[in-house]
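Each of the next two complexes has chain A plus one other chain: chain B in the first, chain C in the second.
For the complex of A and B:
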């Protein structure tokens, strides 16, 4: 089932001088099995929106429906069992390395599964598999999460959510502050998770990532949905008005096209796929 | 979350516009007045009633919402219960209001209840005046005020500037730490921690998952701050200029005088054990 947001409005500090409307009637659908990017300028309501997806926030008006869970502004219609929802919707916050606290890495990763009712052995088993999927081997299991590097810490924190095996994975700027190769590793990890059947919702400012990894993109602007489409369709429009940037690869492909090379825009995702397309055109000529 | 106490709310009322030094002095005078005992219960009722009206007027002037006052007073009920039990259990010699009940030779006087009520009213007034002060004064202005009051101690080699800097840093970081705490709380809730429900052991482990990341991040922050201060050549012994200057105005002097008169009046009545009602009786005779 898709995730549905119906007329969601959220107000911070209502009825005080600090009152701030973060979301103003957001209507959108996130398809199951998609790799959806959530983009928009700083302060456009992205972080507020994702917190509605696992009921950390409840809408001031409107409703969020995730499977059978209703996160409704009306308290009577709002479901109370947030635990089941949070097991299904895993949320990785920005700079997740600040949430590590256990003595050993494996214990920290097993913390989530244990909270959701697994026994110690089951939780550790899940933790080991999650650590393996983020590329950390056995030598890390019993080390302290405070003595490893920043990039490794982030992977441990992400493993902490993956170990819960959520049906929907929401990640808030996972590549912030990482070097290019570290960022690529992390994104490839999410790609793998997506291929295994998890719906991934990604908040990012990096349009290259949107182009190469995502199947759908949602543009938020001033608390409203400005656009919901395929990444390739987004970059065909004036994206600067949402303070986004057209990926270099896309501009390059467009220039090739204007010089007379017919390319399949939907197939151009990264350098490799662009090269494939060019070769295909050459061979067909 | 309940942190109405100590949170500055940016309205523009006459209380907000007052000089921080005047407000600080007035608050201290008020607190002194609150704690002076009266000769009889009727006099106590009159004096405390008058002070309660006064502080209510001030607090109402700051536009503090009744709800936030009540929420900060809500945490007092444990105290109320505790006080009642103590006052009822501890036998009192004084008996002016009569016997409430006698049970197996154990007599409870109404005085015990009155005594408990008086302590509670005092506490409520203390909280109300503190709320009025903190909700209408920026923490930084309060620090400047404190620094101004401490400045006569400078020739005695009292580290006025350092103390003021320490306090202002501490105050400055209260909202930051709260924000950090909320962030870690949200992250751990996503990992299935329930901070509000569950058995004691679960709640304790839930709390460690909050406290340890908070400790780690505050140490990081303090180190960053120390570096930033050193980069700006901070030297506590150097003379510092201020961007914002505090200004005494006529209204400040007026309020200070009014507060001083009230406090002096209460002290006089208390010290001389004056009982207006007895006096009136004498006059009537």
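For the complex of A and C:
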């Protein structure tokens, strides 16, 4: 089932001088099995929105429907089911490495499954599988999560969420602060997770990533949905008004087109495919 | 004139973990350098050594003509400004003005002078209207501009940006990089060393230094460094869009004349 947001409004610090409306009547469907990007300028409501997806926040008005779970302002109805929801919706915060806390990496990753009722052995088994999927081998199991590099720490933190095998994986700027190859590794990991059937919801500022990896994109602006479309269709519109940058790749392709070189939009996803298209067009002239 | 000379610098956190091996390079006054390299390549450790935050190194670090040692540490530090990665971790003042004033207070600048210095640097960084604001209420780009104003107020000769834009959104990033270019125009003697993952920023620098496994692998003009795309790939670094596309087209058998040096020229050439 898709995730549905129905007229969701969220107000921080209501009835105080600090009152701030972060979401204003958001209506949205996130398709099951999609790799959906959530984009928009800093402060547009992205982080507020994703915290609704596993009930860390509840709407002031409206409802978020995830499978059989209704996240709305009525807390009583919700309490018992919240744990199930959190098992289904894994949320990876920005800079998740700040949340590492255990003595060893395997214990840190096993914390989630254990918390959801697994025995120690089951939890460790899941932790090992999750570590394998993020590319960390046995030699990491008993090391401290505080003595590894920043990129490795982030992978451990992500493994901690993957270990609970969520049906929906929500990640908040997973590539921030990483070098390009570290960013690519992380994104390829999410691609793999997506291909295995997980719905991935990604908050990002990097439009190159949206173009290369995502199936759908949602643009938030001042707490409202400004656009919901395919990534390829996004960059034809005036995205600068939402503080988004058209990827260089795309603007380069558009300029070639405006000068009469017809390129196949859907085929252009990265530098290699752009180069292929250019060669193809030149040869067919 | 060289404001920094690094000779045979080596550093290890402990016996098993050697981070810098025999690093040598120099920085010329007034130039804008970008230091790139993947995570774990030793960039941040190198920066810490330059700032005098790691004193147990081997080799020589000579800054402003003085060897970096206990005796010279404070006079050297007073000439270096640092802008860190996380804008939230570097505020001490409860307002933007207080924050810019912090360094000046430490320097015991008289109050009468302080106000005009604060106004001056807030204006230069585009933060004049925000002097009474609380830093925590600002956007990431604005926070970094306040940090830069605070650093500039101290009149440094060298500013080190330690991944200062990596936590900002594209707009914030652009604001900061544009500001750096503007500052350079206003202060021709100011040297900048920016540790960054942003290759598009590096493409606009005077020189690029590439670090890998604790050594300086390349140093040169952006076009020299980024043309060595296979060497960069070998250490998992990417080049700016133009260089990547040019290499991909050449690989596919297209001949591209040497004098094509920007994406605009390439576009022109392809459509000819």
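In this section, the second predicted complex is superposed on the first by the 268 of 285 C-alpha atoms of A that agree within 3 Å, B and C clash if a C-alpha of one lies under 4 Å from a C-alpha of the other, contacts with A are read in each partner's own complex, and residues count from 1 in each chain.
FYI, a contact is a pair of C-beta atoms (placed from the backbone, for glycine too) under 8 Å apart; a residue touches a chain by one contact, two chains touch by 3 or more.
Treat the numbers as computed from the prediction; the structure is a model and nothing was measured.
By the touch criterion defined above, A:115 reaches chain B but does not reach chain C.
Among chain B and chain C, the chain that touches a larger number of residues in chain A is C. Looking at the shared chain after the overlay, A:83 reaches chain B, while chain C stays out of its contact range. Of the two partner chains placed by superposition, only chain B is touched by A:98; chain C is not. Touch criterion met: A:276 reaches chain C, while chain B stays clear of it. With the contact threshold set out at the top, not one residue of chain A is in contact with chain B in one structure and with chain C in the other. Those residues of chain B that touch chain A in the shared complex are 9-11, 65, 180, 183-184, 186-194, 208-209, 212-213, 216-217. Taken in their complex, chain A has these residues touching chain C: 41-43, 149-151, 176-182, 205, 207, 243-245, 248-249, 252, 255-256, 259-261, 271-272, 274-276, 278-279, 282.
Across the complex, chain A is touched by residues 37-40, 85, 139-140, 163, 166-167, 169-172, 197, 199-200, 236-238, 241, 244-245, 248-249, 251-254, 263, 267, 270-271 of chain C.
Against chain B, in their complex, chain A makes its touches with residues 15-18, 51, 54, 56, 83, 86-87, 90-91, 93, 96, 98-101, 111-112, 115-116, 146, 160-161, 164.
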